[in-house]
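Below is the structure I would like to discuss, written out as structure tokens.
Chain IDs A, B, C and D follow the sequence of writing; residue 1 opens each chain.
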Amino acid sequence: MSDDRDDSSDRPAVDSEIEAAIYENHPALIAYITAGDPSLEDTKAYVEALDRGGADLIELGLPFSEPIAEGPTIQGAINRALAAGTTPAGFFDLVDGLETDAPLLVMTYYNMLLQFGAEADVRPFVERAADAGISGVIVPDLPAEEAEPLCAACDEFGLDVVFIVAPTTEGDRLETIMSRASGFVYVQARLGTTGARADVSSATHDSLERLEGHSDVPKAVGFGVSKGDHAAEIVEAGADGVIVGSALVDIVAAHGSDGDAPAAADLEEKARELKAGAERAAADADATDGEQERTPEPEHP
Amino acid sequence: MSDDRDDSSDRPAVDSEIEAAIYENHPALIAYITAGDPSLEDTKAYVEALDRGGADLIELGLPFSEPIAEGPTIQGAINRALAAGTTPAGFFDLVDGLETDAPLLVMTYYNMLLQFGAEADVRPFVERAADAGISGVIVPDLPAEEAEPLCAACDEFGLDVVFIVAPTTEGDRLETIMSRASGFVYVQARLGTTGARADVSSATHDSLERLEGHSDVPKAVGFGVSKGDHAAEIVEAGADGVIVGSALVDIVAAHGSDGDAPAAADLEEKARELKAGAERAAADADATDGEQERTPEPEHP
Amino acid sequence: GSFGEYGGQYVPEAVMPALQELEDAYERYVLENEDGFMDEFRERLRDFGGRPTPLQRADRLSERYGREIYLKREDLVHGGAHKLNNALGQVLLAKYMGKERIVAETGAGQHGTATAMAAAHLDVPCEIYMGRTDVNRQRPNVYRMRMNGAQVNPVDAGSGTLKEAINETMRDWSTTVETSHYVIGSVVGPHPFPAMVRDFQAVISDEAREQLLESAGRLPDTVIACAGGGSNTMGAFDAFIPDADVDLVAVEAGGSSLEIDEGDGIAPNSATLSTGSDGVLHGAMTKLLQSDDGQIMESHSVSAGLDYAGVGPELSHLVETGRVRPVNVDDETALEAFHRLSTLEGIIPALESSHALGYLERAAGPAAKTSNEQHAQEAAEEGLGDLVVVNVSGRGDKDLETVLEETEARDLAAAPDVEVFDS
Amino acid sequence: GSFGEYGGQYVPEAVMPALQELEDAYERYVLENEDGFMDEFRERLRDFGGRPTPLQRADRLSERYGREIYLKREDLVHGGAHKLNNALGQVLLAKYMGKERIVAETGAGQHGTATAMAAAHLDVPCEIYMGRTDVNRQRPNVYRMRMNGAQVNPVDAGSGTLKEAINETMRDWSTTVETSHYVIGSVVGPHPFPAMVRDFQAVISDEAREQLLESAGRLPDTVIACAGGGSNTMGAFDAFIPDADVDLVAVEAGGSSLEIDEGDGIAPNSATLSTGSDGVLHGAMTKLLQSDDGQIMESHSVSAGLDYAGVGPELSHLVETGRVRPVNVDDETALEAFHRLSTLEGIIPALESSHALGYLERAAGPAAKTSNEQHAQEAAEEGLGDLVVVNVSGRGDKDLETVLEETEARDLAAAPDVEVFDS
């Protein structure tokens, strides 16, 4: 389906379904939507549409009442999902019933993980996520320093913990994060919170340069990506994947709850546009710069 | 016209027109109205009506903007008079044109006296008052301790300074006041401010007792007197005069400015009622208690 | 009079005995510290009132004016102004005198709230008279008084403002004088009030003098305080009066104009010391705003606390003898100064105090350096010294609404954007 | 975590480097007084903030409760509450760190006004985020902030209250973290905020301990402070923590009920320490009011300043280890206590502080002596000692409207007549 899938035979086998999905579909499109916005039934249709549209990984947001890392768009989606009564149990029921080519990740805040079981402990959540077939977790309010319990549980159940690298992440902290990263590294394109922007931040290039040589984990860029051209620009800058969230949530929000068919179609088309942008850039790079290997080369054998 | 006039031949000559008027008309009715309420023309008619009705002395209030010793009734009259544009010059023009049997006093606050001339000095005011034929002054915010300049000016121009004795006035202060008193002593019937009341204060008797033997100056009682019966009670208690203000101002206020004829007639009738009350008491005293001399006996020859 | 030709006791006879009783108590308790009265007063000022207040070097004002500017922070006294110093002293004195009840009048409500607090603290019943108009426009202060357990009596007569409240309080006191003490709110009224209130407020300059000697090692060149009735003024000046080299500047409210409208009996200012003439008001001979006939003018100031046609007799005397220099600044200058202190120093001053700060700007601000400005010439002649103490007599929280309205109606250089947000 | 299992840094990656920078600055400047930071802080607290505040013996409360009651008078701090202690410390620290700009969030506006004052005083540009609903219902505080030159940014998202303001401030900070410092208003948030804010607020108990040793000659038996986020609580307790015999009582808002409505996600109280469970909110592991699923509950208190679903992690730790005793009093008890202090002592306390005073009544008031009363039995078990310090964290001027409304809706024994006068 993509150029990179042809390269898969050159790569070492990876344990991670997520890494595998990125390598196999390089450059990958990673799509985010908030589960339960406007309802869990709608979310099922939307996820399937994104899967059809070419999303290589799908992040499902489990809504938390205090989303401090989100911009107004995703905060709005979260509020709608909570108002619709979305719970972790309902979320996992949804995931249980999903069948997608793209592996799924759950994106939520740390307290949601902690509270899933009877005591404040992340293990029950991770176990349930693994049962539901989820491949990884992203926790925007969990820096590497506090991630030990989550990493241990995810190791136990075979999930990846995706860490975010911000424009301000440097030095020892960058080392630490890269050494713990699995699945992919979420490269935050700019300071601030999530939200669709008109252009790609210049910080993207700097960040990708800073990460070079730190780890063989794929790098995907998010925060502000909304168009195929953005995706192309990001891939040109050397990213292995493009993460899109707010632009998709905007589509969901625009349709409200009056029939999910048009929303699903629009989501599918948006995914297609973004994936095409990413692939165009990768193809251009291969064509104009064929001798230079831009796709990631794992250091370990 | 009254019993006491018959006694006049027994009395020594007095310098004071005011004392003379009290002795000659014993027990005397002393009437107050505010000049300029509702206009100086009205005041002229009212003063003449009071004179006809039997007032033996008439206090004319010269309005001052901060009448701290007045109750709401007289304060209202003062506010109306000021709103009508009453000035000291207009006041004296009024007095120049008055011809009454009853001697006139001016009642006003100290600042009005001070400001009449070019400098802060009471002499020009007193001189003009004397010119206008005024016989005495009452200044409710001028205690004896501060009265030296006014007493000097009044001595020079032959006016009496009427002092107030309050229920709280005792001891050395009472001595001082009585020694400076001329015309009459204004016996304040009760604590508080001016204003018509339903009854005569019991403090009246105490006060008159306290004053006995202090001076030969006549004692007149005011504060709260509104009816002939009050006047009778006060005279029975030993007063030489009854002072009535708020009850008269009430009549003026009730008529507003819609024609002064009824107001003047009511004022005349009220004066008659009060004077009759005072005389009734005096006559009773003479009848039931003939051997005892209740009328004042001047100590000096 | 007690202060040269000023002062005295021009009151109804009925209250004269009470004044004598008060004079006696003042001499014994305040002047001679009988029964440790002054010790208890100072202790309560400290523990209840929050004294001493700081004498703060104002860094940015010092920079702006090219000299050392110190602020005496009376805004930090309990209740938000210097008013408590006096109210606490008088209520405590009333207790020592065996009085069972406190009455007071209030205009804008500052003295009323201070008195209500002091009366609650000392467990003395308290009634406050306040004009109906003032009640309606100063609701928060009415609430504060009532929450402190005071009875607030609205006065309906006349225009329903301070004047009517004073008359009504005087009526109450004339009636209840044997058991009540009338807590007068400034250095005005008959003797011994002006002297006694000054003595209670003198803690301001006693502290400031000591604090400055400690921090700057010398006396100030100039002390600036606003003057309405004059209690913060006398409080800020008193300890410095014997220091002949210390320039004492009383800043009055110039209002909108110094011109008076004799016909309507209105002075659009409260610049009594600068423009008034001698007369008797509320019990004392002093300087007044009055008509030629002797009627008291209606005064004006953007600051309710300065809006008074009289002034303390001792201030009249000190101005007459040249010890205190009276100046005045207009509403606009005061508003500018309000904003300047708020934004530069993080202190929102009372509009009263803003007049003192406004004078500082006029005498030493950037415009004062432009020689062709009229005020600049004045300022040069006035000659502020190198070390200036300004008394911040109170905080401006009470003035927020007024300042907003007055600021929106003007184009003020120093004002931040205060346009009201849409709801 | 920094406090046993509580604390930590649960924040977006983008701000982690700023937290490390802050941690470094905290250690150097606050803990080690580098460049005389703490000396300057203490000097400014004194001269600008009005410290030390009094520790006042409350005569009538002492009589009522049959023991020595002392009030720590944080209501007298510049701005009207203890909030300035922290805001001044953090803005000064930001300056030492070379930050060019201050951001902060505010709910009822107390922290916002304190921050705006401190930023004006120290000449640092300042932006305050405040929910639109709060902007509309807390206008006076909005005016005060703007008059101090701060930019107030209304936040329209969601219900327009504290939660949205926090999110928006976090967004701003995430974007401007290299040049801006986020002044958190309580002992909450990620490390080092809880420790740093505690250290800035510790001046309360440092002073109180010394003042009490001087005036009473011994340590208190009990220290009582209200607890919302917990900054006045930690400030009032800190110096006494090593004194094992001093009972430390944190009084939370019991609101209208301790029952929660899990379905609607509403806790009609803010009794986090008493009823909450462990979780992560706003950057720290602590006790929270949360649903079984982990959603943060909407909390409630008649006092806006206590209305928070979390609490400082150190307090959670101190409660967990038994050093601090959590109790709670309901809205009505707090309102009664508000009126009681106002009428008995002439101090109008903040509704927050009224909770601490309400506990005093419950534990030692007349009703506590009636043995057949449920609360009385509790009180006997709680056993207040003979010498009690209550922290009056702020003044209640800001709460007048709320108190009037809430009082009129109830039949309170301690309330004076506050029926509104006819206009």
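Everything below uses one rule, namely that a residue touches a chain if its C-beta (ideal position, glycine included) is under 8 Å from a C-beta of that chain, and two chains touch if they have at least 3 such contacts.
Computed from a predicted structure; not experimentally measured.
Student: Which chain maximises the distance between its CA centroid and that of chain D?
Tutor: Using the mean of the C-alpha atoms as each chain's centre, the farthest one from chain D is B.
Student: Between chain B and chain C, what's the gap in Å when you average each chain's C-alpha atoms?
Tutor: 39
Student: Just curious, how far off is chain D from chain B if you go by their C-alpha centres, in Å?
Tutor: Whole-Å distance between the two chain centres: 67.
Student: Where the CA atoms of chain C average out and where those of chain D average out, how many Å apart are those spots?
Tutor: Distance between chain centres: 34 Å.
Student: Which two-chain combinations touch?
Tutor: Once each pair is checked, the touching ones are A-D, B-C, C-D.
Student: Which residues of chain B touch chain C in the complex?
Tutor: Checking each residue of chain B against chain C gives 64-72, 75-76, 79, 82, 87-88, 109-116, 120, 140-143, 145-146, 163-170, 173, 177, 188, 191-193.
Student: Name, in rising order, each residue of chain D that touches chain C in their complex.
Tutor: 46-48, 50, 53-57, 60, 73, 75-76, 78, 116-123, 135-136, 140, 142-144, 146-149, 152, 154, 339, 342-348, 397, 400, 403-404, 416-418, 421, 423
Student: State the interface residues of chain C toward chain B in the complex, per the touch definition above.
Tutor: My answer: residues 8-18, 20, 157-158, 163, 166-167, 170-171, 174-178, 265, 277-283, 285, 288, 290, 292-296.
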